[in-house]
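Here the structure comes first, spelled out in structure tokens, and everything after it is commentary.
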Amino acid sequence: MSERLRVGIVGCSGYVGGEALRLLLDHPHVEVTQATSEREAGKFVYFAHPNLRGRTQLKFRSAKQTEPADVLFLCLPHGLAQEQIGRYAELAPRIVDLSADFRLRDPARYARWYGKPHTAPEWIERFVYGLPELRRSALKGAQFVSGVGCNATASNLALKPLVDAGVLDKARPPIVDLKVGSSEGGNASSAGSHHPERSGVVRSFSPVGHRHSAEVEQELGLEGVQLSVTSVEMVRGVLATAHAWVRPGTLTKELWKAYRSCYGNEPFVRLVKDRSGIHRFPEPKILAGSNYADVGFELDERSGRVVSLCAIDNLMKGAAGSAVQALNLMCGFDERAGLGFPGLHPC
Amino acid sequence: MSERLRVGIVGCSGYVGGEALRLLLDHPHVEVTQATSEREAGKFVYFAHPNLRGRTQLKFRSAKQTEPADVLFLCLPHGLAQEQIGRYAELAPRIVDLSADFRLRDPARYARWYGKPHTAPEWIERFVYGLPELRRSALKGAQFVSGVGCNATASNLALKPLVDAGVLDKARPPIVDLKVGSSEGGNASSAGSHHPERSGVVRSFSPVGHRHSAEVEQELGLEGVQLSVTSVEMVRGVLATAHAWVRPGTLTKELWKAYRSCYGNEPFVRLVKDRSGIHRFPEPKILAGSNYADVGFELDERSGRVVSLCAIDNLMKGAAGSAVQALNLMCGFDERAGLGFPGLHPC
Amino acid sequence: MSERLRVGIVGCSGYVGGEALRLLLDHPHVEVTQATSEREAGKFVYFAHPNLRGRTQLKFRSAKQTEPADVLFLCLPHGLAQEQIGRYAELAPRIVDLSADFRLRDPARYARWYGKPHTAPEWIERFVYGLPELRRSALKGAQFVSGVGCNATASNLALKPLVDAGVLDKARPPIVDLKVGSSEGGNASSAGSHHPERSGVVRSFSPVGHRHSAEVEQELGLEGVQLSVTSVEMVRGVLATAHAWVRPGTLTKELWKAYRSCYGNEPFVRLVKDRSGIHRFPEPKILAGSNYADVGFELDERSGRVVSLCAIDNLMKGAAGSAVQALNLMCGFDERAGLGFPGLHPC
Amino acid sequence: MSERLRVGIVGCSGYVGGEALRLLLDHPHVEVTQATSEREAGKFVYFAHPNLRGRTQLKFRSAKQTEPADVLFLCLPHGLAQEQIGRYAELAPRIVDLSADFRLRDPARYARWYGKPHTAPEWIERFVYGLPELRRSALKGAQFVSGVGCNATASNLALKPLVDAGVLDKARPPIVDLKVGSSEGGNASSAGSHHPERSGVVRSFSPVGHRHSAEVEQELGLEGVQLSVTSVEMVRGVLATAHAWVRPGTLTKELWKAYRSCYGNEPFVRLVKDRSGIHRFPEPKILAGSNYADVGFELDERSGRVVSLCAIDNLMKGAAGSAVQALNLMCGFDERAGLGFPGLHPC
């Protein structure tokens, strides 16, 4: 165990922290040495994460007791990491911050979408956006890596093949209609998350102006992309249905080529577009716990209307899974290390 | 409208109060004149009960502003009604109290199960237990009527035919294994009702010692009945699976006769025991919004083991529905008035 | 009972037929005299529709045994009604056909979307499209009325205020992203409807080219409207999320005026657009069993992007409920007769 | 790879076969060399098991093409293995049969519960019952191993500590009330598994006389144990609620000792009995995909009534997981090999 990377997770009682903990406990090159939680300090981590009962005797400590480590995962509420980044950077040479604090490159863009100025703008440029499918080369050997927005990730991965191929109709920016599960809201209960109210909903909670639009515009270089988010009956999972337009006359086989070219070598992106069967298109339910992003599309050749689909587990490829994949790139490990679970069927 | 009964609902922002409101707004002989809520005072009732948007312009008022009425429905948290019964009895000649405060006839039994002495024991004997299938004659013309426990009701209706027929093995009191939905917990959110935690559970929350046992023992005259409650993925509904024993050699046709004798004339009890099809036994999902109790059974003739089943909607036959049925008996209306909705299929 | 309208339901064992039966059994001016089913002929109707147990002793008969009636509801699989319309028109002076056979006015459009020529084109013009919000005056006194597509209805009602107000950007036809429940697929089981496969899905089944587009184009006079349909975990219900564009600079209050002008007098359309609370936008779960269409919207004033929302119960406002409402108009009854159930909360 | 055990899965397109395939593909000492399916022969295995897309290029073949292997897993419908055991035993020196064919030691018991005589009774005694917690020593080095019934397994593991400690009241055999998910029914669709009918049910499908009772009686040496099974809204999972009786006066701490003594060294049994928190008792939802059995209990010391609980994933500890654990014992591998996935939270 002496050669394993010592990793600490700050803010580990939430859903993202718990998922990072699950992955890192079974990671071949990592030893989790600390997990912090103000609310649960002193309790076994399996009190908050009952799936880990019998897997570890680690207890939560207060963040004030954070000790030096090889890597720190910060899973704090948005806004805290930018206030404390200096302190954590003194404790560890490598930081993965899963909040929204260091995702946007432009402080002005941050201020516009998050409603207040960034408090550590000088740190922003030191961070690499943590989605390997977009930033692999920059992530290799990086010291500071941001997390990714879950809805942004599903949107980015749905649209990237069309952007890369240069076939999008610029005059008509895509509309991404996202269907999401309840774990996106975190682990704090509210009137709206109360089971009798939340169960079975198809609830529009962000029809226009969703914050993750900023990450899509930044990462894909698109202007005017619009995200609409609807909550559905599901705990984990996102399906991005991206409504986009290409030049009328574009052929399905041309798009196939673009998608293959984009993702053919990606270890965690699968193309799903079958002619028959139940699972002809990407869907999130078989991805729970897995780091896969399943991507597919359907084109109306006559009109040039394309629907590009991406399904992910919001806590995995949309958060902790991409973070571990980024860690593997930062440290030179096999990119797939610790991310072997394929998902379940049926489920 | 002048001849309609003026009814007020005290504590109307909760689930039981809202269900009573839904029923009474469409009741042919009732006008709802007041609805109280401390939390939502001043708001339209459809803010708390969105199904009633467009049905009424009634607003919540504070309970302190309760005015005289022909009938008051009290839908307060357990413990409040016994403190305030004197005041409400001055405001209305008839009271239907849906809390647990006036269900148990014996103050000692109340103290044992609820952990503190009853504060208005002198009022207890003035109340009639509000389940028409058990107390119809006493309910006719009654002034003060209690509500019913939802789990107690499913248990009572499952066991009553066996008790009435005198076939139960006294040495082996029944075990009632109840499967219940999330609305039983009321409308206050908690860590356990948070959707990601509550969704899809099969969660044992009261394996032994459930309070509603007291109502079953009292109403059926049985000693040692045991209720076990498990939460399942459902918002409305209870299924009581009563494991009981009769004399070995008892025949199915004898039990059929007992069930028919017990419920043949009941307007809201249906016998469900089919040889084929999907819906061979009672199940709660088709009862949402309906006042029906569906009852059925299966007997192992050789061993004398019988499983008696009762499905209800906990907010209807287990609360507001029985209360309106009781109101109809109190006031001499058609017992079915206002309770016509049959439930949906599929749903 | 002698003055009640004698209504027969042809094809009554399916979900739409069962829902029509539920409504008509409690309709104050109707007596259901016949219900046909080839598969279940000879059985009580509650064998197929267990919610109706105890409500009627009617048995299914074969369609061959259909007798004269005042009105026939045809709930047959698509394609059968056009073959048999002559025969049924001889049996009843008024027909409500809930299939897709007589919804499209243009036989060429029918052939294009349904893949084969219409076999009774001469009957098409005798039918009125059965959505009261669009065709009220024509429905009054009509003899032949078509049903409506459930997805088309949610789309039509979401878009109508924008069309009527003339504010839509014609260069950018709306995209309607529909989230639908499993009852849309009817009552025949398949590999894809098997519970372990269908449970919890967010499944894209018709990303482009949905047939109901034809009804939207016809009824709203729009060209190029696109419907995309995704199945979610829900039995009943549709949410239409219509992504549309108006002139940048259009104000929310102007759209409010348009929506109020469109629906202010509609008995079954409610505007839902609140600033706070859980239920700020339309959602289908509280509409199960109700004939309401809840409509709302959100506008990004700067860009002119508007998301218009409509939630319905696909079996009610999207099928049997609109059909009964149309019947009321055909026969001069109160338009709301038999459609009083408001829906449940919680559920 | 040359030293890996070559394993074939016969009947691999069903849910149990697919789960065995998922586990064995990632097993460190195994190579899956064949997977058969009559229905899907010629197709990639991920056509039936979409979670395995990208994990293997294996295709289904017909069972007739089964080739020699080190081990064969038989995942055939009940009744087929006993007819073909001779042939498969010629192809492989070790067999794990997951059907019900070789679980019962007594052919007469088999005939009574399965309604027809066993066709290969001479093979029965060569098989070891495949639950490591009950038959570990016999499984070590065994050649022929049976699978386990999922409901029997949850029941056996709930009751074993009480049996081992000798505290059960023999005069009152336990009643086990099981709540189960839809995957127990296999992957063939039916009217009852159609999503609109199966969704949200609490459906009693086997109130008395469940077949798995035979496995409980055999393995625990109890007479008269009764299993009752209720389907609930869940795909994977079983909760066994065992209602049992011990001598009045027995203390909780005595039972704690019994449970610890029984399971303290088991790698896949966890004791769950907390005083606070949401997850105080075993529940199946966090076990999906995991091989854990979570066991807990609650005792009413006064009456001697005990409720013993066991939660499992029916496809894992109740089928493929136990089978792989048994394989590890048969072959001398680490008992936990290939079974490392801990389950998810939230989910």
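In this document, chain identifiers A, B, C and D correspond to the written order of the chains, with residue numbering beginning at 1 in each.
The criterion applied here is as follows: a residue touches a chain if its C-beta (ideal position, glycine included) is under 8 Å from a C-beta of that chain, and two chains touch if they have at least 3 such contacts.
Computed from a predicted model, the values in this text were never measured in an experiment.
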Chain whose mean Cα position lies farthest from chain C: D
Comparison of A-C and A-B by number of C-beta pairs in contact, larger one: A-C
Chain centre separation in whole Å, for chain C relative to chain B (CA means): 35
Centroid spacing, where centroids are CA-atom means, of chain A and chain C in whole angstrom: 39
Geometric centre distance via CA averages, chain B-chain A, whole Å: 46
For chain D, residues contacting two or more additional chains: 15, 183, 187, 191, 196-197, 199-200, 233, 235, 278, 346-347
Complex contacts: residues of chain D adjacent to chain C: 15, 181-183, 187-191, 193-200, 233, 235
Chain A residues within the chain C interface of the complex: 172, 175, 177, 179, 191-192, 196-197, 199-205, 207-209, 224, 226, 228, 230, 232-234, 237, 239, 241, 243, 278, 281-285, 297-300, 303, 305, 307, 309, 311, 346-347
Contact footprint of chain C on chain B as seen in their complex: 15, 18, 22, 26, 47, 49-55, 183, 187, 235-236, 270, 272, 277-279, 286, 288-290, 292, 294, 340-347
